[in-house]
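First chain written, first letter: the chains are A, B, C and D, and each begins at residue 1.
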Amino acid sequence: MEDLLNKAETQEYFINMGPQHPSTHGVLRLMLTLDGEIIKKVEPHLGYIHRSIEKMSEKDSYYQMVHLTDRMDYLSCHINNEAVCLAIEKGLQLEIPDRVKYIRTIISELTRLSSHQLWWGVMGMDLGAITTFLYGFRDREMITDIFEETCGARLTMNYNVPGGLMFDIHPNFQKRTKDFIKHFKKKLPEYDELLSGNIIFTERTKDIGYLSKEDAISYGVTGPSGRGSGFACDVRKRIPYSAYDKVEFKEIIYTEGDSFARYKVRMDEMKESLYIIEQLIDNIPEGDFKAKTKAVIKLPDGEYYQRVETARGELGVYIISDNKKNPYRVKYRSPGFSNLSALDTMARGGKIADLVAMMSTLDLVIPDIDR
Amino acid sequence: METTIFYIFAIVILIFSVLAVTSRRILRAAVYFLFVLLAVAGLFFLLSFNFLAAVQLTVYAGGIIVLFIFSIMLTSQVNDKLEPIAAKKIIFSLLAAIAGAVVCISAIMTYRFSEPKNIEVDAGMKTIGKYLLSYGENGYALPFEVISLLLLASLIGAIMIAKRDNT
Amino acid sequence: MIKAIINYFKEIFTACRTLITGMKVTGYYFFHPKEIITQQYPENRATLQMFDRFRGEVVLLHDENNEHKCTGCSACEIACPNGSIEIISKKEIDPETSKPKKAIDKFVYHLSMCTFCNLCILACPTDAIKMSKSFEHSVYDRSKLTKVLNKPGSKIMAGIKE
Amino acid sequence: MNFNIYDFTEFIISIDNWLKQLLSPGLAKITGMALIGVTFLLFVTLLGLSIVYIERKVCAFFQQRLGPMRVGFWGTAQTIADIIKLIFKEPLATKNSDKFLFNLAAFIVLISPFMVIAVVPFAKGLHALDFDIGLFYVTAVSSLGVTGILLAGWSSNNKYSLIGAMRSGAQIISYELSIGLSLLAIVILTGSLQLSVIVESQRDGWWIFKGNIPAIVAFIIFIIASTAESNRGPFDLAEAESELTAGFHTEYSGIKFAFFFLAEYVNLFIIAAIGATVFFGGWMPLHIGNFTFFNEAMDIIPPIIWFFAKVAALIFLLMWFKWTFPRLRIDQLLQLEWKYLLPLSILNLVLMTIVSLTGWHL
């Protein structure tokens, strides 16, 4: 009997998930090896949306290269801009006014919130609850309105320039932000009622896509995905930049390492972001919105590295300068790329449906991976 | 009127059974067979043996055919075709079929069917139910129990086979 | 054994409760149609107001005398990361000093290449260009996206120097 | 011809007589059959169009949207526009697919809803068939639909479709059991499978009220299992768009896709209709015991309105499920059936037998 059962071997087969697939959120191609519905191997295949942003930055001036980073991780574009600006400011050894630091921090946190809201909506949609998508977008709309009023664009806002900000905040900015906080504090419990507590949702995410702390560190999984595995990697806490050393906030860490832990990290992070904004919004100091910079920036010879915490994890900006008006070499360490590398480890032994949930909790943005 | 419908069903059964046997794509054969079973169910309805017709639909059309299709799906590809049958086989099976038909037809022709004696057959649900569970004369309680035991055994067997991974 | 049975039913009840909490949220919105946030776009075109800083497309400002402030210094052309601005200049005789002077012949703007980064506006020394609030850019012919921003017959405003 | 909105029996008989006067008996029967066929064809088409519109509107309101607003008043002509678009679309087929089965599958999925709808009693005397095996026939015929889905998935020559079809096959076969058992719970009380008898037995109150706790449990099981059987969210694994793009109908386009779509929505109606008939009294108005005055007041509303109101309420409930919950995974889906619903429905059946024997029900 046992022999007979062992003889009845199943055949593995190969399936292409993407580049055109509803749940890869872009043109990511996953080459799956399946046994029935059980995943044996996941091979991500990249390059379908590669636009050589790093190479393009080399031909641009330091002012110009900032706006390209909007298009990398378009959901945390302000934070990307900030990273480049911080790196350039480091090179110039500029003294940045406090006002700039405060505004940058507030807008960074708003960006993180809007990114997490969109992620929450899409996560629900990936698991089949389409209504969450609309609710997530409803609340995100208020943030994009704030951005549009102050920065001039809803998504690719390019609000930072080396040395400060493009313009001062709009007079309505504080009021709108406070309105948003009030509104969102009422709506956040709804998120929990609709998804976090839902038995179907918890069954779909708990103990699914396990990533150990060791694996998270060795793959360089950062951001909420890493913190879900217990890897304390919040750049805002470890190496504070802008005004993060002036505010109180908790670094959210869960040790379970499954999809639900990663989900919970982001949900709690939204509360922390609200808390950070609340601390800063009424205390924006007066002053200039931009330090004085020359019309043509030339960084001194040398290498400059700046890391920031985007909504997806640690973004590193590495600039080599040879004292010309454009950088000699630019390299971005994007969080999405490292996070994606852990997908194979997480997904093995899971089901196709789990893979979708795992990709959602890694919160992949494909242009961030391909750049 | 009813004879017309009977002949329509009969023709459907004939055509699709021939197709089911001759089709070289195995899933198509299964689908033709499904039509045969559906037409048989239609015949039962025509005879107003509703219960039997519904059983035919659930067990054969809904159960067995789905099982067939499932196993075909798991084992073959869309483009798989059966190999053409060797001429020898065709001849022998034709001979066997003709022999069978001759025997059947001769039996039907020679047997004197008695005139139906207007016996009202009550095939309503209530009667069937009562007979199925009665242990008196013409009761089916014992076969019913035996069959349910058999089904239980096969259920447990199926679970045992499916469970091999977890042990 | 009994505990397992009780747990089994408890599981079912908590599961049902979480499902009903979710349904309450969606049900609330179903029965409160006032919370609908849809904006019906082409219908509300008259009342739709974009924010002042909204970056729609680059426009060259003209006043009522058909005069603009662009001196043709091409600072915006240099500042643009994508080459979406092309300034074609010409020599013109200044009526006051009767010396030859640089002026724009054509201010060509390729909307199809623009990333709306606002760097040209910041670079302009005379505030001649500005981002307009228009956002309805779709056309059937892509050649329509290449625009000449200075109006025919327009000239530079008096007193504007580089 | 006398037309009575409260009782259609005479109306149907008078049509029958009228046909018999005009035509020879055989021809009258054929004409009658054709008439019924055309009526159902029209009804199903209208049903499909209206339920799709309702679904889109309801879903929009759950999501704080307005839904279709452009075509016709409040977008009422939207689905008609959609159908016209689908008819004019090019019917595509994948390379190396089994074209015959590929085309056939779209029709097979429509067979079973058409066969079931024949026994649904819309109002007193308004049904095409009134079998003594009514409910058994419903469960028997509704098991045919899975064949179409399996064929569609297999003949598309697409791995996603195949996985979708497999899932749907496993799902429909397992949930059939729970549906049957939960309906049986009510059959114990009525003592008949005939749908008209079941409706008549609820003259003094609907079974969901009269049948004590087991009836309510049976209803809950029925509604869950039938949502699963009709492949609707949260059980829409067969077409799970985030995993399998569109599952078994990924490769279908144009009018053939519309057939799958139509079958899904007609199935939705059938589930609601069967649920309403068995648990909520079908076309029977709301009657409470011996409150004659109240009962007579309720009788003023025609039965056909009662029927469609109940069906609409149940359809709304199913839509509410779909637009709130995330989707289950295939193993959880089967676990839900085999670990929870099936034992519960068997237990419920035993309970119902006890209730019925002791006469605890009203």
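Rule of thumb we're sticking to: a residue touches a chain if its C-beta (ideal position, glycine included) is under 8 Å from a C-beta of that chain, and two chains touch if they have at least 3 such contacts.
On a predicted model such as this, the values are computed, not experimentally measured, just so you know.
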Chains touching both subunit A and subunit C, listed by label: D
Chain separated most widely from subunit C, comparing mean CA positions: B
Between C-D and B-D, the pair joined by more C-beta contacts: B-D
Distance from the mean Cα position of subunit D to that of subunit B, given in whole angstrom: 28
Centre-of-Cα separation between subunit B and subunit A, whole angstrom: 61
Gap in Å, rounded to a whole number, between the CA centres of subunit C and subunit B: 70
Distance from the mean Cα position of subunit D to that of subunit C, given in whole angstrom: 50
Junction residues of subunit D - those touching two or more other chains: 62-65, 323-325
Interface hub residues of subunit A, defined as touching at least two other chains: 131, 138, 194-195, 198, 200
Per-residue overlap in subunit C, given as positions that touch at least 2 other chains: 19, 22, 25-26, 37
For the subunit C and subunit A complex, residues of the former touching the latter: 14-15, 18-19, 21-22, 24-26, 37, 50-55, 79, 81, 115-119, 122, 131
Interface residues, subunit D side, partner subunit A - complex: 59, 62-65, 159-160, 163, 233-234, 236-237, 240-245, 323-332
Footprint of subunit D on subunit C - complex, ascending: 12, 19, 22-23, 25-27, 29-30, 33, 35-38, 40
Touch list for subunit D against partner subunit C, complex: 58, 61-66, 69, 320-321, 323-325, 340, 344
Subunit D contact footprint on subunit B (complex, rising order): 1, 4, 25, 27-28, 31, 34, 50-51, 54-55, 57-58, 61-63, 65-66, 69-70, 72-73, 78-79, 124-126
